[in-house]
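Chains: A, B, C, D and E, in written order; residue numbering restarts at 1 for each.
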Amino acid sequence: MLTNQIYLLFSAVLIALGLAAFFLARARASHLRMNGTAMVAQPDQYAWFSVLSTAGPALLAAALGAFVLLLLGADIPILYLLGASLAVAVIGLLVGLVQVRPDFHARQAIERVIHGILAAAALVSIVTTLGILISIVFEAVRFFQMQGFWDFITGTTWAPGNSFLAAAGRGAENASAAQFGSVPLFAGTFIITLIAMLVAIPVGLLAAIYMAEFAPARVRNLAKPVLEVLAGIPTVVYGFFAAITVAPIIVDVAGFFGLEASFNNALAPGIVMGIMIIPFISSLSDDVINAVPDSMRQGSLALGMTKAETIASVVLPAATPGIISASLLAVSRALGETMIVVMAAGMRPNLTANPLEDMTTVTVRIVAALTGDQEFESAETLSAFALGLVLFVVTLALNMVSVIMIRRFREKYRTNDL
Amino acid sequence: MHTNEDARHELSVRVRDLNLWYGNSQALKNVNIDVYQKNVTAVIGPSGCGKSTFLRCLNRMNDLIRNVRTEGLIEMDGRDVNEPRMDEVALRRRVGMVFQKPNPFPKSIYENVAYAPRMHDLVSRKAEQDELVEQALRDAGLWNEVKDKLQQQGTSLSGGQQQRLCIARAIAVQPDVILMDEPTSALDPISTATIEDLMDRLKQQFTIVTVTHNMQQAARVADYTAFFHLGELIEYNDTRMMFSNPHTKKAEDYITGRYG
Amino acid sequence: RDQVRIVGSSTVYPFASYVAEEFGATTDYPTPVIESTGSGGGLRLFCNGVGEGTPDITNASRRMKTSEFERCQENGVTDITEAKIGYDGIAFAQSSSNESLNLTREQLFKALAAKVPQNDGKNGEIVDNPYKKWSDIDSSLPDREIMVYGPPTTSGTRDAFEELVMEAASEDMDAYGGEAYTDIRSDGAYVDAGENDNLIVQRLSENTEAFGIFGYSFLEANTDTLNGASIDGVAPEPEAISSGEYPVSRSLFFYLKNQHADEVPAMYEYANLFMSEQMISPMGYLQGLGLIPLPEEERQAERDAVEGKEKLELSALK
Amino acid sequence: MSQSFDEITAQLRNRHRKSAWLKWVSMGALALAASFLVMFIADMLVKGLPAFQQAQIQVEVSYSERSQEMPPAAVSEDVHRLVSRGFLRTLPRRMRDNPDLMGVTRLEWVLADSAVDQYLKGNHSALKESQRPVIDELAKQGRAELKFNTRFFTSGDSKMPELAGIAAAAMGTVMTLIVTMLVCFPIGVMTAVYLEEFAYDNWLTRTIEININNLAAIPSILFGLLGLAIYINFFGVPRSTPLVGGLTLALMTLPVIIITTRTALRSVPDAIRQAAFGVGCSRWQVVRDHVLPVSLPGILTGSIIGMAQAMGETAPLIIIGMVAFIPDVSVSFTDAATVMPAQIFTWAGEPDRAFVEKTAGGILVLLAVLISLNATAVWMRKKFERRW
Amino acid sequence: MHTNEDARHELSVRVRDLNLWYGNSQALKNVNIDVYQKNVTAVIGPSGCGKSTFLRCLNRMNDLIRNVRTEGLIEMDGRDVNEPRMDEVALRRRVGMVFQKPNPFPKSIYENVAYAPRMHDLVSRKAEQDELVEQALRDAGLWNEVKDKLQQQGTSLSGGQQQRLCIARAIAVQPDVILMDEPTSALDPISTATIEDLMDRLKQQFTIVTVTHNMQQAARVADYTAFFHLGELIEYNDTRMMFSNPHTKKAEDYITGRYG
């Protein structure tokens, strides 16, 4: 294909020019130095500078051209683009050679470029966040135009059924209008998250206390990676486990106590999600507990406190902000967890507090809406983006709080550091 | 081994043939020492000679370090502190400790002092507790500075104040012996002087064993001085004797600043 | 490009992937890629335009809508061929430990509608659904709690069920004055069970009280543990569905993008294989997967349409 | 005034008991967490091990004109329902590729239909009552056996459970991860180096730091939306391909790599940096010659963990179309492909119950890979752990 | 301010009105000092008085610390080291540094020494490099001990050897000035003595500025001694003068061990 050949040609010429730049500049610098000129940089540094000045601008020009060409749809013949960028490369080469002067700080110049590249890499993370925002905001706004932001946030009925029919052209007059009240979805999400936390926080925290304070080194070295395996198990696998193994057990157990449990009960995904999150809590808590300076423990033990008293009244209070922040991070993981609930939780927007009933979550609805059968422009499909947006905002807020908590934690024991 | 046999002092801790290993490296070699009640005993010696290790033996804080092996006798009230039936928590109540870097708990000043007595059931009513806290802070010479801000964080105090808070915390449980491991090395000269004064007063009530790397400090505060070198107790004597007329060449070299 | 790219309905997906696999195994072409995006998602991708990145074929468990057709036209997808491959019966099934059952659509409606006419039916007032047990609806029905696992609102099966059962039943009921009423109750008697019909099947064998609504293929694959209720006296059998006797069934389609025909030659080979007798006839393989075949003449007509790359016109969709 | 040892010891009894209680409870919690893992793996083993065996039966296969036309005719009437269609349908091509076969009739071990397989494994089977005695008879003669299922590791997805394998998904996983690695490793390491070694403490740096923490917490499904909107719809990257999957997962893995790399960089003692600055190194030389070489094992460990996470991810891939029916092993980054967890997800949704064991079998394979990745990371961490 | 104006020594570094702040707290106040070539200048003073800070100003290692602000003149060869066009990397080549805790690179002994010269392009051929490494190790008095194990890790040496390796590394780039920040405080007495001897020899070639908290050490090794207190230079004088006859009360108190 033509484009492939053009890539090939471009890279080949550029590499050739780069090599030329390297050797020419180095030769020139060595020559100057041989003649006894004192130079502020070393020949290799001049050489690398020339390579940068040859390839950098050329690559930038090519990328810019390709961008204009592909995305703005401008009509530049591709050969012109190729020629132009190679011309830039040649100019860069000449500039690089001219710069082989005794008083030119080639090393500093190179390092400025490296600094720039590193900074650009750091910006990728910001661009990613913006990208996520951009990719959900527009569709979410369209949804809000159709359905109203307030109804969405405060409504307690999620009944998109009729929007589907309306889109199918058979909306019935006496049928009630579609309702997109997201409260039941968020309630379901929070209840499942709560169940997960009720499993994960006590078990995780106690396990962390054991590992950090009691366990012999051998147990600790073994337990940590073993727990990390729990965190590494893919969530589909947990989903399968929750749906096929755990849910029926819960129904049986509930039946034994004379309770009625749905097969899509919230307990199964909640518990399994909790198991998944245990290592997350335990290893973060283990870290913060270990970060509590030993001098505090010794101070307490030297007063004749038992180990448990030391843990309860000195270590844990000092570590609390860190533990809370770990838990908040865990909460945001649970809120956004998708596969477990897709496979094991129900689809019914059900505003209830009974974990034996089935309920649905935000992520389940996002997946369902985006892989469902309605028209793409229908309100139900767009609701996925609105739900995504709210989820994004919630996790963002949780994370901010946890950042603040962590900072407070650091301050707390830094003051002791004198 | 030079032990001062002065009879005006009663024995508090008796150490016989104490050896200690960290893993395979021996940190204390055959140490014999008698610590006398209501005196300040200073432990000096170059860095790494085992001063802190020795101190930690006296309240079994070494138990917290892995791979430590101890041999020999440390006797308090006629009981070997290392015997299996000895509860190290009980021991530590009777042998308090103050560390090199002040380490108040991240709690209020009041709580820092009140915490241990409450846990040990030394006080039952709030009024009693208040009284005890005040007494301990007074004894530590800190009361006047903090009496208006007892609810502030202990960590908000200055270094010297923090160290005195730690001392108050230690004396609040009414121990017999207080161990201090370089209690002034992280402090400025003025705070140092305050603490030195304090030690002088506290020895009315408590037996104090302090580690210092500062010979002048030892000379100023201690009644007895023990000089360690490479894990051995080279010389132990009345402080005045030690500084004016050291028996051993090593001690003399060290005291006159020939190394260290 | 050698590889055909297919998107669309999750209902057609098992049939299409079977054909695709057969196609890959018996010809020199690579196996087509089939993504189950749902009919709507599929049509959206399909209508995005012409060219490398867009799919060649989309499956649908309903007919293309005029709005979708227009979007196709706008984006330059102007030459489409429609192929109807058969029917999908929607089964109303329960654990086979129960007696098999005969239900009318009206009974089903009463069991599942959010609001129903008041019990005495005289004044026609419409009230929140009061029925808790099947026997409340009709004393001849079993004394079992009403508990139905069914597809969620995002599913085409649900759409079809609403149209073929709810709408049809309500139009015949006086209380609604001939208007369609399709709201499904959300008080727990009806449980949205996700797209994973497998789970519904499993739930039914564990919860023998309950019923499930899903594609006939799942009933077919689990005849040992499930039995399907007859509706309006007709049992869900292939012949009954294919003849239209069984009232709850819908047509399945795929759409071909003729503009890709030159670039992706495999596309028509695949389509022809799909339309061949060995696949969609009553003796064909797909029948074993639960596809209900079209009547003979209709099959021939559809096959000819595909072979002739017959162009779909807007008027046909109305 | 002060109490004797015995008095104090007596008072302490109760407090010691509480202390012991905490120890046992917390140990119990750890044991509970570990037992979850054991229970879970045991459950998967029970469900999944049968997938590594598959029934074969020995039948007479006749390669003739007739079987070229009608493959089922190659075997006798009474067994042709027992033989996998996956075997029969390839007969015409085999005969075409190898004309010598024509006219040969011989006993051959052939793949059995999954109904036979399930019947032999004692599971529920769709096998008709009338055919069960046939299989029983064959089994008695040693002509129907469960054999090791190599096909599970060498072929791709199939609608027929007896043919379905994990190879295509595994290949897709490998290619996706290559893309992920190529993108997020350099960017992640560069970001970490920038933040840890170069950046000044200003609002921009702080924003980036907070933002990285946020990215780590954002639900993975939103990355799918990003992939759909930006890569597929805006840049026109082909759907369902390892390329788009890898790019999407790269952004998701980026924070993990950045955070672990920063930890690795931070664990390099400042003394080394100071030593290097002290002999006249510039910042970049310090990083290149001293900090990076020392922290490399840590960075690699972090990357392995990041990769392991990316490997188990499914939710964003649903949205960018990598959950699809893809029987062929793809060979290019722009071919459609699926990944192992997506394959598990699709199998979990198959109507045929023979797929339950395939699902669990796939899970076992995935777990094996993940555990070995984790073990490698632990091993590396141990091996290169330095004491300063 | 007491500056020794003795003319037999040439000026190496001239410091005028040096002030330095960490954030808002001032760590150096108006420091004026002249450092003479091929002499050992000792900087003494109590903990936290700004000794290390002052030392780090001389090769701009403070640049690496965030929130540092410097004012005043530090002149080497007639050029202000703080002027914007001064390349701090070049400066550090001319002003080497040895730290309190020995910090060899985690590389071979050979590489530890060879790295910097190679990076600065001081050597071009392997033989040249070998020669330079040998010379530096000889000068640091380490050659005989390590010549058979040049490929071993630098970190495998003992503390004293490591410190000499760091000195070898510093002198391998042939600096003018070598700064040492408490170079012996982490070492045992015997290693300390070796390093002190070494400083005595090195001052034939290099100007040495060393920080020490040990007055005896200053008395032993230094030609000039500067006494800092709370960020101020209290007294700067010929060492003998300083120790026999300090001009200021503070210096006298410190030297006689009244605090610190």
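Just so we're on the same page, contacts are C-beta pairs under 8 Å (C-beta built on N, C-alpha and C of every residue); 3 or more make two chains touch, one makes a residue touch a chain.
If you're wondering where the values come from, they're calculated on a predicted model, not measured in any experiment.
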Legend entry - Co-neighbours of chain E and chain C - touch as defined: A, D
Inset, instruction - Return the chains common to the contact lists of chain B and chain D. - result: A, E
Legend entry - Chain closest to the middle [Cα centroid of all protein chains]: A
Inset, instruction - Select, from A-E and A-B, the pair of chains that is joined by more C-beta pairs in contact. - result: A-B
Legend entry - Farthest chain (mean CA position) relative to chain B: C
Legend entry - Interchain centroid distance [CA atoms averaged], chain A/chain D, Å: 20
Legend entry - For chain A paired with chain C, centre-to-centre distance based on mean C-alpha positions, whole Å: 38
Legend entry - Whole-Å separation of chain centres (CA-atom averages), chain C against chain D: 33
Legend entry - Mean-CA-position distance for chain E and chain D (Å): 56
Legend entry - Sequence positions of chain E contacting 2 or more other chains: 89-90
Legend entry - Junction residues of chain C - those touching two or more other chains: 36-37, 195-196
Legend entry - Set of chain D residues in contact with two or more other chains: 8, 12, 15-16, 236, 282, 348
Legend entry - Pairs of chains in contact (touch as defined earlier), listed by label: A-B, A-C, A-D, A-E, B-D, B-E, C-D, D-E
Legend entry - Interface residues, chain B side, partner chain D - complex: 77, 79, 86-87, 89-91, 93-94, 119-121, 174-176
Legend entry - In the complex, chain C residues that touch chain D: 3, 5, 7, 13-14, 16-18, 20-22, 24-26, 30-31, 33-37, 45, 52-53, 195-198, 201, 217-218, 221-222, 224-225, 285, 289-290
Legend entry - Parts of chain D lying in touch with chain A, wherever the complex brings them together: 8, 12, 15-16, 18-23, 25-30, 32-34, 36-37, 40, 43-44, 47, 186-187, 190-191, 193-195, 198-199, 207-208, 210-223, 225-226, 228-230, 234, 236, 251, 254-255, 258, 282-284, 305, 308-309, 311-315, 318-319, 341-342, 344-345, 348, 356, 359-360, 363, 366-367, 370-371, 373-375, 378
Legend entry - chain B residues touching chain E - in the complex, by the definition given at the top: 46-48, 185-186, 188-189, 192-193, 214-216, 257-260
Legend entry - Footprint of chain B on chain D - complex, ascending: 1-5, 8-9, 11-12, 15-16
